[in-house]
Amino acid sequence: MTIPEIFNILQEKFPEAELVLEENNPDPIIRAKCEAIADISLLLRDDPDFSFDSLMCLSGVETVEEFQTVYHLYSMLHNHKVTLRAGGTKEEELIVPTVSHIWPTADWHERESFDLFGIKYTDHPDPRRILLPDDWVGYPLRKDYEPQKTWHKIPLTAIDYKEEDNGDES
Amino acid sequence: MSEIREIDIPVGATPQKISQMLENFEDVHGERMVVQMGPQHPATHGVLRVELETDGEMIMKATPHIGYLHRCFEKTCESMTWQQVVAYTDRLDYCSSANNNLGYVLACEKMFGIEVSERVQTIRVLVSELNRLASHFIAIGTYGLDIGAWTPFLYLIQEREHILDLFDRLCGGRLLLNYMRIGGLTHDLPDNWLKEVHEYLSYMEGKLDEVNSLLSYNKIFVERLANVAIISEDMCIKYGLTGPNLRGAGKKWDLRKNEPYCGYETYDFDIPVGDGEVGTIGDCWDRYIVRVKECEQSMRIIKQATERLEKMPGDDVLAAIPKSMTKVAPGEIYFRTEHPKGELGFYIVSNGKKFPWRLKCRAPSFSSLSVMSAVSPGLLIADMVALIGSIDIVLGEVDR
Amino acid sequence: MTWLDLLIAVACVAGVLGFISVVALVAIWTERKISAHIHDRLGPMETGGFHGWAQTIADMVKLLQKEDIIPDAADKPLFKLAPYIVLSATIASFVVLPFGAHLIGTDLNIGIYYLVAISSLEVAGILMAGWASNNKWALFGGMRSASQMISFEIPIGLSLLIPIMIVGSLSMQDLVGAQAGGFWNWGVFSHLPFAMIAFIVYFWASLAEVNRTPFDLPEGESELVAGFHVEYSGMRFAMFFLAEFANMFLVAGVAVALFLGGWHAPFSFLEISAESNVILHNLVGFFWFASKGMVLLFIQQWLRWTLPRLRVDQLMHVCWKIFLPFSFVNVLIVSLWIVLTQS
Amino acid sequence: MGLIEGRFEPNIIVTSTDAIFNWARSRSIWPLTFGLACCAIEMMATNASRFDLDRFGIFPRPTPRQSDCLLISGTVTAKMGERLVTLYEQMSEPRYVISMGSCANSGGPYCDHGYHVIKGVDQILPVDVYIPGCPPRPEALIDGFLKLRDLIMKETIAKPSA
């Protein structure tokens, strides 16, 4: 099934999901409203015509205007792919329903995108940071992220030898 | 005096079933021991920490904690030019750097519409298959080490050294190659290199049988691994386990065949799958033996690639490398390749500038590791070691 | 007690202690060399010149002057005591080991009984170490060790019963003496194949007794980090190390004494009779005993570097469901045989 | 140590003891079996048959209590840094630290943008020997151990001369 076909069926089934087909990419992407993602995913997995049984990748993205979560789905049965995207403006926190009950692999991927982008996932079974320590400040993959200077008294900056040398001479 | 109860775990029970049974089973004394396995532990293959809740030696709950090697790959790449990122992909899964390079350069080439010559493709196949061999040798060897057999590990590292020698001659690096470029390679093959590859192949003949007789079919080894930590095909797909882990569960799935890239469709090789030879399909032993069998197939591909390269007229491997990558096409792409550990995907977003806007690496080990907490309830500590080894993780890739 | 008796006693103790340390040092070195050659490498080559012969000495001197750490949360008295118990149990067992016709600490009339009793004291020390360290891996190691050693004591005891029944004595020298005159008289070949089975069961079970592969679960490096001695450093660790290797020789020595003819040569013409020269007789006897022990030691090390490790439940399975029934049946048949042939 | 260290003037007994102690220490460096990142694979290769660190009496131990040398083989991150200090504290004196590879020396390729990477392990631990390379070749690691050996040979238990 091609992506426009999938898009048409989805648009029929979810008229309220504000579905948009972004065709300016090498592969078209279906954009949906955040709230509708879990329902769409469930349909995509369970409908025998789609049967997207594997979630290849789930990534957080920051564009100039907004934060997004991108889902790359694949069906081992029908051998077709689709990309979903949910996004929200930077002014407010992006909250997306979790898909970890649909594809368990999303569990860790969602945790990662929360960890690095601060995207929240509702009903996530284990909403903790995954890569960084729990008490880390900020979301590093945001473009405006300021790195921490120290963490638990461990210095995280390089020693500036030039400055030290100057200090010795004076 | 409290009554001591026993749980009867039926043979062939699914991990979910076992975990459910264990949930319902109340410990008589209400005491469970929490043990931290790692980050400094010989069996965790690096800096993984697994928090084990045990009752005696039986694991009730295992929670993996990762991030001890989070080296900020994705953030760093956003400040590197497109070509510079290749060096960082080396350090993702440091056991198989050429395969990482391949995944990244193919993704970029597809996005920017760069065509490379057939010779470059064949060299890439050759190098990445050699690296797959090296990576599987480490996986097999360290697995033996986990189970308590020292000697096979050292033998396999020894065989791996020969591959590293070849790499050393090829590009000067033993472990991290940084050999591929978007649009080509850093330089052509050295003189006589193909002959050395041939020599290596003839040297390796029969060595895998030695591995099989020393380790794979060793009675104790089989006893330790058969019917342990079964991950079914369904579960593999759900949890995103790919590569040898999925094939070990009996699914004939290999991106080199199913979604061919780099001309893999023209090579003659098989996809080994686990068939429950000594136990149940999808147990630790099946996942292990798939790797051993894959080594044979890799050698077949290497042989074919070398023969083709010998016949092929030489060309400029740098020809298709773009002269400047300061202005590129905007867009985004997700591209995946078959990596020794599974499917390595790169999700690249370009805004048309010099640097990638966003680069997400879908690491196979990351997904593979997430299955651990679902499989481990009901295992013994020794089985846990076998499980970690059998899904073959590399922490550089898990944490990125 | 005269001065002479005291002198002999001191000499005996010094001899046994010296022998244990030399055996342990040599065994550690050979272990490293043998493992290296099995692995297709060289092993220690630098220290001391010739093939790194001084490697173990350097290791010991280094361990001797390492900082002795006692973890704050450990049970301090027990933690300190454990290595001494393990080492002294091992040393005490050597007292009844017959190195030669007269080279024996003391020839107790219940020698083998004493040996089994004393050597199982070691398990107390190991359990103590595992418990007192206040470390969960050490506790696992200690528990595994205790369960494994206690379980394997039973097949060991039953297998040792076979030569005892055949000879009809518990004294080590009597047991050895009954095997004189060529290798066909050795315990292992009497009452074929039952004594042979007993020997095989004893050898495998003894591997578990001294925590060697495939039964090295208590310190299984890839599972329990270092098992019961995970918190021990410096000299206390060295004591465990020494005890382990001394123990390896001890179980090998018992096997030699009971099944492989003790200090007797494989052929009687290789021996020097006690009447002609007592000292030479003993020395030759000692040579045979030590070399047979070393051969068994080599087999232990060879297995260590060839086989993987069993799991806990499989270990218990091997003990209770394979070794134990075999030993029981074995004891039954041999006793029947003895009863029938004597009556 | 502690009891006899730094108490006596250098004299014939002290220097002879030094000679024995330093000989033993330098001939029996037991590193901790502990791999952090890419360099760990090279460390494994160095321990294995072709390069065989065992020739120099270097013999990896799995527990920090029994090891003399902390071989930092790879990138040290903030999360790991804490544990690394704990591991170092668990080791018994005399103990040494080898920093292997660019990442451990200075943050290496992750120095500029690695928000979670410690730029140089010497900011949290005292390092004795630095081995450059990304990753260093096994020969370089062997050289690092030999440098450490030279360093140990210069140690003394005598009172430091003012």
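Descriptive notes on the structure:
Here the chain labels run A, B, C and D in written order, and each chain numbers its own residues starting at 1.
One rule holds for everything that comes next: a residue touches a chain if its C-beta (ideal position, glycine included) is under 8 Å from a C-beta of that chain, and two chains touch if they have at least 3 such contacts.
Treat the numbers as computed from the prediction; the structure is a model and nothing was measured.
In terms of the distance between Cα centroids, subunit B is separated most widely from C.
One finds 36 Å separating the Cα centroids of subunit C and subunit D.
Mean C-alpha positions place subunit A and subunit C at a centre distance of 61 Å. Measuring from the averaged C-alpha position of subunit A to that of subunit D gives a distance of 41 Å. Averaged C-alpha coordinates give centres for subunit B and subunit D that are 31 Å from one another. Counting partner chains per residue, subunit A shows two or more touched chains at residues 131-133, 140, 145.
Multi-chain contact residues, meaning those touching two or more other chains, occur in subunit D at positions 33, 48-50, 62, 79, 115-117. Looking at subunit C, residues 39-41, 221, 225 sit in touch with two or more other chains.
Chain pairs that touch one another are A-B, A-D, B-C, B-D, C-D. Residues 39-40, 42, 46-47, 67-72, 75-76, 78-79, 87-88, 91, 94-95, 138, 153-155, 157-158, 160-161, 164, 174-176, 395-396 of subunit B are the ones touching subunit D in the complex.
Across the interface of their complex, subunit A is touched by residues 66-67, 70, 72, 74-75, 110-111, 237-240, 251, 253, 258, 331-334, 336, 343, 345, 347, 349, 357-358, 360, 362, 366-367, 369-371, 374, 399-400 of subunit B. Contacts from subunit A toward subunit B in the complex involve residues 24-27, 29, 53-57, 59, 61-63, 70, 72, 76, 79, 83, 103-105, 107-109, 112, 116, 129-133, 140-141, 145.
By the touch rule above, subunit D contacts subunit A in their complex via residues 78-79, 81-82, 106-107, 111, 115-120, 123-124. The touching residues of subunit C, counted against subunit B in their complex, run 35, 38-41, 136-137, 140, 213-214, 216-217, 220-225, 305-314.
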